[in-house]
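First the structure, which I've put down as structure tokens, then a few questions once you've had a look.
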Amino acid sequence: MKRHLISAADLTRDDAVLILDTAEEMARVADRPIKKLPALRGRTVCNLFFEDSTRTRISFEAAEKRLSADVINFAAKGSSVSKGESLKDTAQTLEAMGVDAVVIRHGASGAPYRLATSGWIDAPVINAGDGTHQHPTQALLDAFTMRRRLVGPDAGLGRDLDGKRITLVGDVLHSRVARSNVDLLHTLGAEVTLVAPPTLVPVGVETWPCEVSYDLDSVLPKSDAVMMLRVQRERMNAAFFPTEREYSRRYGLDADRMSRMPGHAIVMHPGPMVRGMEITAEVADSDRCTAVEQVANGVSVRMAVLYLLLGGNEPAVTHPRTEEK
Amino acid sequence: MSKILIRGAKVLGGAPQDVLIDGESIEAVGTDLSAEGAEVVEAAGKVLLPGLVDLHTHLREPGREDSETVLTGTRAAASGGYTAVFAMANTFPVADTAGVVEQVYRLGKEHGYCDVQPIGAVTVGLEGKKLAELGAMHESAAGVTVFSDDGKCVDDAVIMRRALEYVKAFGGVVAQHAQEPRLTEGAQMNEGVVSAELGLGGWPAVAEESIIARDVLLAEHVGSRVHICHLSTAGSVEIVRWAKSRGIDVTAEVTPHHLLLTDELVRSYNPVYKVNPPLRTERDVLALREALADGTIDIVATDHAPHPHEDKDCEWAAAAMGMVGLETALSVVQHTMVETGLLDWAGVADRMSAAPARIGQLAGHGRPVSAGEPANLTLVDSAYRGEVDPAGFASRSRNTPYEGRELPGRVTHTFLRGRATLVDGNLA
Amino acid sequence: MDARSSASGNQAPARPVLEGPDIARMLTRIAHEIVERAKGANDVVLLGIPTRGVFLARRLADKLEEITGRAIPVGSLDITMYRDDLRLGPARTLARTEIPADGIEGRLVLLVDDVLFSGRTIRAALDALGDIGRPRAVQLAVLVDRGHRELPIRADYVGKNLPTSLREAVKVQLTEEDGRDAVLLGMRSAPSRPGSEAGPSTVEPTAPAGER
């Protein structure tokens, strides 16, 4: 069963490079008068969102529609769906309706894995973010953005991110984006450093294929890309850090800090940005910040994933972990 | 049925002997006992143990009869070789009054598959705020001596101190579910390498260990006795070992699943592995086995926690915590302790029968297999090997983590005061 | 993984039916025909169908430039997602679509491919083209027409008509991809309908719609 995309850790280097290369071709469709390809004509994809995320949902929807898929949006939040067994019921309902693939966003870590492996549903499952676990398409679009900026759109074809130094800054503990990025960037040969206050680094991080630092300033000059993770203000109340001001002072990215980065280095943000907290407006609006580009790249990467998983009679990427059962 | 001759059983794993039961008691133990007038149970090669005693069972009645009842739970107990179980207090309503404990006690008596000794709640509604009427429960027909808010921790130090002191008046014991609540808010699994990767809320070992450390010191301070439920970490073992060396009157239990399973299983996100306290690491498992062998941990208790299918057939975060255990406990102990050479069958008899009966002050159970003693006995085919099939469980619930796993040993007969509750693996 | 790499499954020994000089001569002839029939080839845009059609299109563009003295726009048109057998195999790796800067609107688009067989690739190419723009006209140039059409499609410029049986396989080799120029004729390891890839191991197991 190699039909799902649950975790960035499931992708081999060749799978990941194929997705990025395919995304390069998909990106070119955006420049055409008719931004549509027939690859998924007649296939029905359901965006099953148990958690609000307009950005991710719209991105997937755009990708699905550009590939000519029929799209069903199911926003489970706010409906009667709230308790556990409803994931199963909802999945079986969708299956009965003949859905060909499910894109799922869920607040519970592991829910997409459960959906893919529990036998509740036959359709391929694409994880659009689960709890504090994984968000593989985000990691892919981040890697795509890095490869375009640091290697080049054409020069990057067929290549990974070998030797690129990538720094992730912020709430690693609660971040599925961080987990996915660490896995994928490592697979692609990049050197990853996590920077966060110790309270926002998970116990057990020592087995991750990356470095951990508590000192942003020492890492910045050695970074080809700096990714700022979103920090929720509520974390402050749980004593993860004392005040917003202190967080900004120690871990926020302002123009002064940005000037210490190498000239070619880029600033990334998965969005939505909390300006003033983890990133100043000046940095966010500079041309070194790729936040807007990342949004555009998200559609191309998701088109690539959808095409490679659903375009043929079997997917073109392999996922060892979900093969177990 | 008056006389039963169990022929050629290895009593406590020793040399083959015959055991003659007459009425409710063992009449004789020896070789070549006469079978005259007795029903014969051929037991060559099998191991005979005193009937097992579980200090930690959730029978769910009253309130959650969809997952278990006193009847189905005690049938599961008899299937697993148990002749007595202590029923935890976290029912609906909570067993925090004489009325509820007497109801459970009476149901156990009526069904007759094993003795049911209710545990009373320490605090009203398990809320940790106000002491329940511990004395009234003790004086009730149920004669409660063990008190526990299990499922929840008595986290308020003052309430815990008072409870420890108060039960001294009638020789009771408080069994603590050691879980510091603030450190485990949103906790989903053991905090460590696996939780970091899976993005599941971490349940640090220190949340258990800090409460155990506090409670053994409280017990020492007030000169009381304390029992620690389901130890799950190597650190907890160290604390209990230290407390015992200091002369503190502490006893401790470990569950079968914590002797075998680790948090690596959670990678499947299959909620059948979701349990409180959580599955820990290999290092913890090995420390727990060693502690059970050397007596630092006194007993094995199942923490049999039945849940209906729908409470496990869902995503991890939404799933209920707990595993059924009565029908697999002895097999897991044979696998992890006997076959590893850590414990002999006499040791198993102590950890699963004599010691829990002693801690729970349960008369007539956990007695030696000798003439004049009550005929509470369990016969085990220790040579058996087979895959666990939950479909064959007597329990109403099927939430076992061992489905499809090969485990050794099978209880073939259970005798409760001379009456067979299990014959050739079939419930009487 | 499905890369549209050159085939290696040809179990029967293939014999060359055309060599490098033959191919060069044919391309020169086609270029002259284009100039003549397209009245100077002023508005011609060449679009090669990956992989080998792209190299042929570039060679043709060079020849056209020699003849007319003007640079001829040349690009590529990937037809993968327009194939009618997309669902019949694993998801295929995409090739590059490169439309020249001035586009195809109102132009004469000349599709270039190596082998014309069932016609299904060209059908897909016409669909792909429709999503990109509206040319004045579309024409087709192929190096080899091996017959067995399954759709009402014909080539406007043909290097060589090569009568074949369905048991035979035609393989075009080009220096840019294969290290030499040649057209090979061999036997398929299993007979196959031209418009299907049902044969367990064809010469070109991943070729578009049997166009080989």
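Letters A, B and C mark the chains as written, and numbering starts fresh at 1 in each.
One rule holds in what follows: a contact is a pair of C-beta atoms (placed from the backbone, for glycine too) under 8 Å apart; a residue touches a chain by one contact, two chains touch by 3 or more.
What you see is a predicted model, and the numbers here were worked out from it, not measured in a lab.
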Centre-most chain [mean C-alpha coordinates]: A
Chain whose average C-alpha position is farthest from chain A's own: B
Busiest interface, counted in C-beta pairs: A-B
Euclidean distance of C-alpha centroids - chain A vs chain B, Å: 45
Chain B-chain C separation of Cα centroids, rounded to whole Å: 75
Centre-to-centre distance between chain C and chain A (centres being mean Cα positions), rounded to whole Å: 39
Of all residues in chain B, the ones touching two or more other chains: none
Interface hub residues of chain C, defined as touching at least two other chains: none
Residue ranges of chain B touching chain A (in the complex, touch as defined): 188, 191-200, 202, 204, 268-270, 310-311, 313-319
In the complex with chain B, residue positions of chain A that touch it: 83-85, 87-88, 106-111, 113-114, 117-118, 130-134, 176, 179, 202-208, 324
Chain C to chain A touching residues, read off their complex: 1-2, 78, 81-82, 86-97, 127, 131-133
Residues of chain A that touch chain C when the two form their complex: 14, 18, 21-22, 25-26, 28, 32-34, 36-39, 67, 307-316
